[in-house]
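Order as written gives the chain letters A, B, C, D, E and F; numbering starts at 1 within each chain.
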Amino acid sequence: VTVAPPDRNGRRLILEVHTRSIPLAPDVNLERLAATTPGMVGADLANLANEAALLAASRSHEAVEAGDFATALEKIILGAERHVMMSVDDRRRTAYHEAGHALVGMLTPGADPVRKVSIIPRGLALGVTFSSADTERFNYTKGDLEGMIKVAIGGRAAEEVIFGDISTGAEGDIERITQLATHMVGRWGMSEKIGMVAVFREDGQGRAPLSAKVGGLVDDEVLRIVDEAHDQVVSLIQTERARLDALAEALLEHETLDEDAAYATAGVERGAEPPLVR
Amino acid sequence: VTVAPPDRNGRRLILEVHTRSIPLAPDVNLERLAATTPGMVGADLANLANEAALLAASRSHEAVEAGDFATALEKIILGAERHVMMSVDDRRRTAYHEAGHALVGMLTPGADPVRKVSIIPRGLALGVTFSSADTERFNYTKGDLEGMIKVAIGGRAAEEVIFGDISTGAEGDIERITQLATHMVGRWGMSEKIGMVAVFREDGQGRAPLSAKVGGLVDDEVLRIVDEAHDQVVSLIQTERARLDALAEALLEHETLDEDAAYATAGVERGAEPPLVR
Amino acid sequence: VTVAPPDRNGRRLILEVHTRSIPLAPDVNLERLAATTPGMVGADLANLANEAALLAASRSHEAVEAGDFATALEKIILGAERHVMMSVDDRRRTAYHEAGHALVGMLTPGADPVRKVSIIPRGLALGVTFSSADTERFNYTKGDLEGMIKVAIGGRAAEEVIFGDISTGAEGDIERITQLATHMVGRWGMSEKIGMVAVFREDGQGRAPLSAKVGGLVDDEVLRIVDEAHDQVVSLIQTERARLDALAEALLEHETLDEDAAYATAGVERGAEPPLVR
Amino acid sequence: VTVAPPDRNGRRLILEVHTRSIPLAPDVNLERLAATTPGMVGADLANLANEAALLAASRSHEAVEAGDFATALEKIILGAERHVMMSVDDRRRTAYHEAGHALVGMLTPGADPVRKVSIIPRGLALGVTFSSADTERFNYTKGDLEGMIKVAIGGRAAEEVIFGDISTGAEGDIERITQLATHMVGRWGMSEKIGMVAVFREDGQGRAPLSAKVGGLVDDEVLRIVDEAHDQVVSLIQTERARLDALAEALLEHETLDEDAAYATAGVERGAEPPLVR
Amino acid sequence: VTVAPPDRNGRRLILEVHTRSIPLAPDVNLERLAATTPGMVGADLANLANEAALLAASRSHEAVEAGDFATALEKIILGAERHVMMSVDDRRRTAYHEAGHALVGMLTPGADPVRKVSIIPRGLALGVTFSSADTERFNYTKGDLEGMIKVAIGGRAAEEVIFGDISTGAEGDIERITQLATHMVGRWGMSEKIGMVAVFREDGQGRAPLSAKVGGLVDDEVLRIVDEAHDQVVSLIQTERARLDALAEALLEHETLDEDAAYATAGVERGAEPPLVR
Amino acid sequence: VTVAPPDRNGRRLILEVHTRSIPLAPDVNLERLAATTPGMVGADLANLANEAALLAASRSHEAVEAGDFATALEKIILGAERHVMMSVDDRRRTAYHEAGHALVGMLTPGADPVRKVSIIPRGLALGVTFSSADTERFNYTKGDLEGMIKVAIGGRAAEEVIFGDISTGAEGDIERITQLATHMVGRWGMSEKIGMVAVFREDGQGRAPLSAKVGGLVDDEVLRIVDEAHDQVVSLIQTERARLDALAEALLEHETLDEDAAYATAGVERGAEPPLVR
């Protein structure tokens, strides 16, 4: 039996169970915490509560604070921070790259809110911009997907605008962009050139002959989608250069910006949470 | 030995056996129940009778009612219902998507009757429109298959007409459409461009050289078939917009519409059952 | 050691052995029975005699009649009959489909004689037209093969002419047509465009480079062969519509027509058996 | 260690050993027998002597005759004869098919001498024409290979000229023709379009990129070589129709013609054996 | 758990541990040694210290000198030296080939500093030019990568300019050049023709249809990038011919040039080390 | 650990060890013997000394002569001689084929010296021309490789010029030619159309998309290189026909020519050995 992961409400209930014996500081809001942990199951949430309690203990705090939960969540989702010696140039490039992701995320309607931006290396990444929806997403519109592509392009686009040269740092972004655009065209029927046809699908009777001709058509569409998004993102960043500089400078100074600091630094107002029904 | 599944009459006899010791309410019509369970074998029908009896017991009913059988059948065929918190936008989109499937199903001559429409999530699906023939189908004409493609397009087409944007929710429909159109062209000889040639078949002497040229021809035909059906469905939905709105609003209000409610809400008259011979 | 199956004479001798202890009715002609069992080996023929004896016993006949052998042979070759409830439309379509195969078989010079036509479903098939040569064939000319393709097209062609719509019922025919036409072009050197070249053959030194160019040439030829045969069969059926109607009506009335009844109903004279030498 | 098979002289010595205890009739010439057994090793030759002795014994002959060796050799090389009932048409077609192979073999300069022609079925073949060189061949010139292709075409070409229709009986010939022509072009550098390039070879560093372009070039050449040879063979057979009729009629009458009878019937003089050196 | 290798500072600390019991000569600078051992882990550094101590012992030195560390490091990274008898021509060609790599490395902005040039054969290589960054690189810009391609081209380009003929000696360079250019285009989005699309990536849903069309586009770009770099390197070497001659002559005389000697011989000033931050 | 094979000097030392207990005739020059055994390791050289001693013993010689070493070396490298009965035509064709290889080898600047030419069959080969460098080669220039291709073409080219027909005897040469030309273009960057790109290489990140377009480009280049070399070799042989006839006649008379005899017969002066350095 496949068990679907708990939804937001379910996660709140589970968190209540696992924090019952932990002294919580007044700033801890389990409702909010549940909203930022989509996809997590019982064991993940127990782990989260535990890590937060350990962090509080290691600082000799009496109560576990919201910041402890945030740090624990980050460590679980993004990997542990890693301190490396880096050239001034690399650090500056990283700051603008992450600022690019974050700014496009804040300015793209329908994109998930930016939760954290950081230039502290984690795992293989030199920096990280973390966004998550206010609640589970069950459906993505073509507009949502185009927004996700644009956010992923934001880092490289910032490098282009600021340094006039691009780097290998966008490799992971490029994979994500390619996967999104390829699925839009070949799996979700979002290109008029192909229509509602599943291009990569094997049917039960053997493999459908994805002809070279349609393969070329798909690739033309993927390249076009990414190219158009890229041009729009470069324009956006050129127009909003001041906000980008503010974000990058804040990152170089503070290394990490949380949701409120990021929106404030960029001078962007966060959108409202969408109304829910059950 | 491969044993063919029982036909409608056989299923009625099996249901009679398995309901012998179950008190049935007067509204239970085993003939009708047999008609809605094509493909089920003895064990499935025993399971169905059992589940219905359990449902009746859980409600402390003395007799098993037609509704208990319907609920049990749904659970077996469509998966158990799942209650999730969803945005108002997602729910509205789902209602129009399912209303689109249902309306096209009701208005397409030769399409299987619509048995139920629902926006209660089940398994991975956000909603479901369930159609089934009045009796087993042994043969599908080109017209029947085009109708099946149109019904599958109906959900996405409704999203286009109502929201002007499309979503990932049509992924399963797109797979089905592709399989049907591909089989029409490459397996059932229903494209004049290809003729009575099995394009994907391996013969006993080795693999027939499905040349790239014919592969391209097949894909051209598949894209054309789907594109033409899409345009017709969008037109139909634009013309019948009032019926669509009625269905979607009824779904948002009642969540689920059975066969009679769906046809009544849409103001469509159900076709007669076809005459049978043995 | 590979042992070739017995020839007609060998099968007669084997049948004599296996029917020695079975009382045969005067209408049983083992010479004729041997002629209709090409490809069968000793065990098959023993099984045939056994099944025929069981059938006679189940009807409490004292002697095994020719009809018992025919029924037993059919069951072995074609599968057991299956009674299903079917729509009047499906049954009528099936009758015309089989009548189409049978009529083209009777009117095509060199095609094997039609032995039986039936609209009683067997296994997965809704009907069956069974033809077999008067004696083993060792060689097929291009003309013979084109005739076989036309007979296979006959069913679908009848549907087109009578109903103006086509169905999935021709799937098996399409596979057979494709295999025959593909072998004509790629294995038997019967297309002037390719000549005496084995297109799909692997030689002992590695795989011959069936270039995409030749693959396309082969497919062009296959499509042309099938298309030309299709047009000729549709013409033939339009011209001989009266014979087709007679056959279909007889099938709807009697369900099954044996060789004599089929030729008589269609008003076609059976060709003579070819002279043999050893 | 790979041991090369014995040469003609070696085979004569081995045959002397294995026939030492067998009474040989005066017409047995071991030198000649050695010449017709290229490729055979010690065990094969011992088997040959044994089979010949058994045949003589089964006919109650006191000495083993040349004919016994010939029959034994045929059985080993060509398979045992098989008597089947066949239509007069099939037999006549087979006679002309084999006569075609034999006649082209006799009239093509450099082709191996025809040793036997027969329309007695053997294994899967309906007839056989057996040619072998007077001595081992170490090298084949382009001219030799073109001759081999023409001999293989001869059977089908005779069917075309005599019956105006062609049959599946050339399947084996077509495989051989394709292999010879493909090797000429892709392995032995005998097409000027490709030159001294091994088209299908894998080199030790990975697979050489036989591009689709070169693959198409090779196939063009293969088709051209076969087509040109076909036209020449059809012309030859039309010109030499009288010889072909004589051979076919002799085959229908005698079923089998040995080397002398075949050349005499066709009125063709056998070429001299080539001079040898060691 | 994947453990990232220690950074420069970490390596210095590890070296301090492993050299604690080894008498170090005053010219040993562990900070500098740490800078030249990127990617090495604890075991590698222990091995390095050990090899250096053995070298010092084999020369009966009381303290381990910087030169011992350099020799030990070379042996670990580049393989042991191999003395072979070589033609005067081969040796001269090797000297110019390595001089070409080294000169382009010194004159290309952003390229890693040249640490050693040698024409003493090591393993399969006839000579070696070893460059390494002053500190870890986390990111490579398009300009950096183009520089790396140019350095790899330098050897072959020197052969072209000096000898007017080219040799198999560039095989390893060609592999490296191809890999760099292919990744620039297909993985790092550095070709405007392709954009931010990962051309060779498999997505989780199956293999994205890298169409032949895009494959050709990628190859066009790879060939163009390499061709343009090649022309620029040939020009550079023609312009800087005097420096090249000086380097080649020094190599023929001294066989090996260290960093300082190489830069001095070529008359090129080494760039400054980049500023670092943590 | 991979151990490189000993160089010329190393082989001389090893030969000295293994011949210490063998009486050597005055004409044995171990320095020279070492020069003709590149690639051999200790065990091979021990085997060589042993075989030479056995040959001397079998002839009852007191000392092992240079000729014994030569015969032993040939047997190890080329396989044992095989005496077969062959047609006069085959023998004459073989003589000209080998003479062609030898003559082109002698007249091509930079080609390895011809050590032996023979028309005694060895293994599968009807004849052999054996060339080897005076010392190890570490590098091959484009000119060297073109020379190797020409030498391989020499045999077939002689057949063309002398007999006007070509044979299967060049199959091995064609494989070698194809491999050399393919590596020149795709591995060693020796075609300007492709440049310094490794066409068949798999990189560590997956297979580089050798597009069909580049594959065709490579094949065009391979065909061109071989075609141009072929034309030059045919011209050379036509011009030097007298030398070719002299070599072929000497081969037909003596069967084998050693280095001195071959150069003398052809009237070609051997080039000097290249100067060496260590």
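Just so it is clear, contacts are C-beta pairs under 8 Å (C-beta built on N, C-alpha and C of every residue); 3 or more make two chains touch, one makes a residue touch a chain.
Since the structure is predicted, the reported quantities are computational estimates derived from the model, not experimental observations.
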item: Co-neighbours of chain D and chain A - touch as defined; value: none
item: CA centroid of chain B to CA centroid of chain F, Å; value: 74
item: Centre-to-centre distance between chain E and chain B (centres being mean Cα positions), rounded to whole Å; value: 64
item: Per-residue multi-chain contacts in chain B, two or more chains; value: 187, 210, 212
item: Contact graph of the chains (line, ring, star, complete, other); value: ring
item: Sequence of chains encountered when the ring is traversed from chain A in the direction of chain E; value: A, E, F, D, C, B
item: Chain F to chain D touching residues, read off their complex; value: 82-91, 93-94, 121, 123, 126, 153, 156, 163, 165-171, 173-175, 177-179, 181-183, 186-187, 199-200, 210, 212, 215-216, 218-220, 222-223, 226-227, 230
item: Chain D contact footprint on chain C (complex, rising order); value: 4, 7-9, 135-143, 145, 187-190, 194-198, 201, 203-214, 274-278
